[in-house]
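Provided herewith is a single structure, encoded as structure tokens, for subsequent inquiry.
Order as written gives the chain letters A, B, C and D; numbering starts at 1 within each chain.
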């Protein structure tokens, strides 16, 4: 029977299914990560919040000291860039599979942004590093990827546009135009995560370089824009249910006649769509992994709450109310089934890359945030008003999870795409049915009957 | 066929059911209120927000100018204190029924706090005015009720306690002690709505004056505490999903050796529980009414959004997606059925006061906020990320509605109480069944059969 | 305070809303109906079942004696054809409104098919009588409507077709062809309710008389086919979850070169679609009314069950389990809100006929059966295995209600149509928003700000 | 990449997770089973139904010929008693793990009772064989277990009682009394599955042998009762939604002064509860496995239906309606996540026997039937009325699945038990939180702050 420390975070029945797919290195790294999170990160969460000034100006110029400390420690321990699987990124990656990272990401999810950043696994940097590792020129990699991998700078990814139904990415309007040796960018983006951070040195900007191309998925290109290029205007932070998520933020950004050298084009003209396809898959699943961790943390907190000996209502402890017990049982079941879906998708990515795991990723993407919302919602209810306040992590988690039902494609888009993929099984199913039918008819005939 | 302007806010099929229960005065007041809201209040909402300073200090000391203007106008028009039904409060009330006010409150709900305050119908003042009107001494009424009715001051109601499972009100610990001609109050409250407002001049504080009384519902008393009494300490504003709801706020307040004259006791010793019973009924239903309005406003906004000719995804307008249409149809049905429940509860209050309508109020209380949350949630999804941001009213509405599933008793408490009340029908049902059974047996016998 | 006996079946808070819309005749008839149901019908339900032979042949040739008796009694009491409102059918109708009938139908719904048939208000006769009363020629009325109104014969309505997606009625394929003075009908129908009954003397058959008409809703006609016409072949009864609903049944019927005189055409050529539009509206709402009654009966039975002093599990009576209480409270709320929707739709029909109440009818149609299913499902669970057996009415009710989510248009069709109708409000909403926006902009300008 | 034929029944992403846990024998047996099901069983389902007489008497005396044929074939192929894992039953079992059997059971579930019986894996025989294999005396094994293992006889398990809340097994009342060398049994049972079958030669009867034992779980004993013992009275078959499930049936049985020799006692006096604890675990999971198969079959059928080129409504094929696509995607996700839960529970049984997997089994037991009901419900809706009829397997499947939410313990019982088990984590969680808190406090102190 395993005594790996991970079993205090995921059920041992789950660990039993996946343990034999972990390498010794994977198991060891997981142990070290858990120790680091428990010893260093989880106790730092409240301090990180306290170190962010309330002042509306200063909070956007702050590098939170404790986070910087944690980064240094994690890097020294080799708990760094765990998301980048060597199998897919041989030159830069870590010798971990997506499945192994999935379990790590879940536990990191319990530590919010701080935990991810501590081990240099924060969105949108992760996706941007993947893009640069896969499609960047050697010069681009030298200038931008290396410091990102080192955690020295941060980055933004600029796709979503204001005034545009950009859940369908073919709708984007930002113009990317070649002029001599330069590229000129004009566009109005928003929800550009990380753009508020003083350390964000580059934006990957997606726009249309060939808007009249009849092939709608070849109209887009992606360009590296240094954050300090003239014409890059951070308009305002978008808020999420009242939270500004400073210092990273989710900013409204206008690119006005922004000029960059032509060497800043990533890969090639018209490759924008293909790049984001590859980029979003793992990113989506990382969000799901962390969301499982958030849900599990909420359930754990709820269990502590309802067994609190100080909480008695109507003559019973909270945990003696049948409806509370039911909420806990259902949450347990929902988390566990969603976790298994995510692990299954991660394994599929390991086997067939993100492109070969689109159905599994899509399922996880529309199942997990809703599931986690339900669990967090029940936990909030068990806390009463405290649950919607600043005194637990629950309200903020709900805001984040609710946004995740929209970010990287709203639920409806993933549901439709999964449904469409599932419908492709129709021919195979029909053939199988016809075979059975033929045998059935023969059998009736043999028995002197007519079907 | 009615052409009352209300039918642009509620379905004419609903109006058809209730119109004959409106007096001519009620209809006329409703018309005027709608005109005032449309002409003055709804266009002022964004300005009211802009007039609240971002600065963490100053926002708590602000009286929002446009709201003050609106109050003056409303008072002049006689659109004032509409919540206080003359039938139940002959001395102070307005000649409107709860049913009439229900419809008005729904439409006011579309204008948020600003609308309610403009016509002096804001919680917690409304409940406090009811308490003072019903149980206050002439002196208490003169000093506190009159300026409240005039909209000159505001107030807070201090019941919920930190570190206590106060969804069961018998758990509260605040001590209220007589000492000579004074009352001494010690307690630790939070979520005291309105306590942050510079105009809040009094707190009604509930505590235990007789903690050892074997009759658990006679241990409590309620005392008027002027906000500037020494020992009243506003600790901090509680946030709701990142919103602070300044300037009213929901504050953590410590009462430390607060002394008030004995004449500040409301009604009598040990009457605290009975007072809040009466207080919370109508308050709960007012919240429900406004929540219906919030849901209807969200649906209206969603309809505008999905028919926006600029929003096309995957080759279709949003309103051409079957799932979007279904969301709208279901929202329509859910709002309408909840609205009918609320109107039915309001009519029941008119007939039998709040005490005679506890089941109907309880049903509305657990049905409406959840319903409104679902509707707002769908509307958010139709807006994409904009829906969770500061650019629509939706995210903030969701935060408020989510809190309402906890405030004034969490859902579970109301569900259990309604269920218990419903179970009281068991004896009557059993008798009816036995009667039928007796006839059934006789009938079988008559037909020569044995049951 | 009302002491009308109806308040032992519907909450008095509901009665309070509608009482003033009942005529004295309506109230008196309702009282008498309740008395008749309680004294005669409800005690007869089990006997009616016992009088239906198990033998697969004989059960289809039986006229259940107790039902015949009940019909004679009801007719004598004037409790007869209550569904046919004089306001809409002046020549044949009863002086009752749809709202009044709605309440009656709910209580009849507690008595299943027996109750409806006892007072000559059974589908599909009801719809057929409406069609004949509205569109039949004097000869058709004399020959078919009069004996139907007298309860001497029964009838079927043949629309749904096998091998055809007939939830979209424009898809039907049955051919209706004029040849000289005759009409020739060829088609393959199924789910023809009532066609199995030995008393079913006529079928109203819908088919295409003009399949190439570019106006898709003018291709259909409806013809009266005497049940004994050569070529009318009853193939088999369709079963619903194992129930055959003998003796009426839901039959598969082939019409093979069926010839009827041209005078059997109803109204005129090409009017088939218009006729069914009018026919289905009230029929749908009648089903909803009865379903409310089924749900209420299930809840009543559940309350009796869980308070049964013989049922104790895990040391508690069933009604002491929090989840059971919650089930009861939620069921109460769901029934009540759905009932109010149905009553509202009925009132709308009274005001604007079925055509003017399509949205309200559509909402009721997709809300009520699902709601009733949930309530019955909870009641089943409270009964354990007994709940799915022949020993309570619950399993059979579930089968019927499940079918109702399909019959007369599946949920999805009604949801889409209600959604479409709701979307028509978009222009009005947009205008309202623009007006507000204009005032808002002016107000900002006046305050020296820019929106 | 695997090309095992199982991947046409379960997603290859699922197979990827478990493949390495299959032995070569397990994989090979799975292949053979699939071939046998496809070639022989699935084409026989309709014939098996046709071979069961409609006549209410004869259907209970029939041994369905095609099923007998299938049994002979399966036995010859060694596809026999697959449920009985050698690891747990070394003397009698098959060298398959529960995980391996889980996958087999799912696919067998697509073939209903016929498939299970063909390979001698039908309830209640399976559980009875487990009991006899584990607790039976050599004589009992020789006389009853051997012919059961050979598929020569069948059996019943008599636990549930009429007039008793027997979801709590401590409530049962059947008396089991020693008198000399005999045991005398008196009791009133119902829902005794299999008791109607002409081949059912024995009943395992549970009753109270020591009703006054203060230890409530030692009052019960289990006795073997030969079906033809005087006093064993089969009263009637219970129906499930109109289905009688002949010839096995679910019978009401009265045991009236039934006498059996004392050697028919299983294991020992007072061991009844312990025996059923062990018996029900795997039985519950077998039901879940098969239910997954039913759900998957329903989804497959739904996909065939909605892509049927003959089904067009409102100008679109069914599979072009967004809501239909969403139903399919959601069903896919729900089946997959439930399947993973069941596989995880099966693996847990392999590692720790049923007793060590109670939480996982409990979760599967309350999650799977509800999930399968939702999937089947959507499939029914896609078929319209045909879906509730005898023409697809869907309505019957729904009846069976609905019953499964009650059989072997109603959902609520499992939910409460899982919740209780989950609550046992509270202490560990609290310790973890306290450790974190201690470090957090130290960290604040170190940073000169106070938490």
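Convention: a residue touches a chain if its C-beta (ideal position, glycine included) is under 8 Å from a C-beta of that chain, and two chains touch if they have at least 3 such contacts.
Nothing here was measured: the structure is a model prediction, and the numbers come from that model.
In terms of C-beta pairs in contact, B-C outnumbers the other of B-C and A-B.
Because chain B and chain D share one sequence, their contact can be compared position by position; here over half of the interface residue numbers appear on both sides. With each centre defined as the average position of its C-alpha atoms, the distance from chain B to chain D rounds to 49 Å. Remark: chain A and chain B have CA centroids separated by 38 Å (rounded to whole angstrom).
Among the residues of chain C, those touching two or more other chains are numbered 321-324, 326, 412, 415-416. Residue ranges on chain D touching chain A, taken from their complex, read 1, 8, 11, 13-14, 16-18, 20-21, 38-39, 42-47, 50, 66, 300, 303-304, 306-307, 319, 322, 324-330, 332-333, 336-338, 340-341, 343-345, 347-348, 351, 357, 359-360, 363, 366-367, 412, 414-416, 418-420, 422-423, 425-426, 428-430, 432-433, 435-437, 439-440, 442-444, 447, 449, 451. Those residues of chain A lying in contact with chain B across their complex are 54-56, 160, 163, 165-168, 171, 190-191, 238-243, 250, 310-314, 318, 321, 323-324, 377, 380-381, 384-385, 387-391, 395-396, 398-399, 402-403, 405-407, 410-413, 415-416. Residues 321-324, 326 of chain B are the ones touching chain D in the complex.
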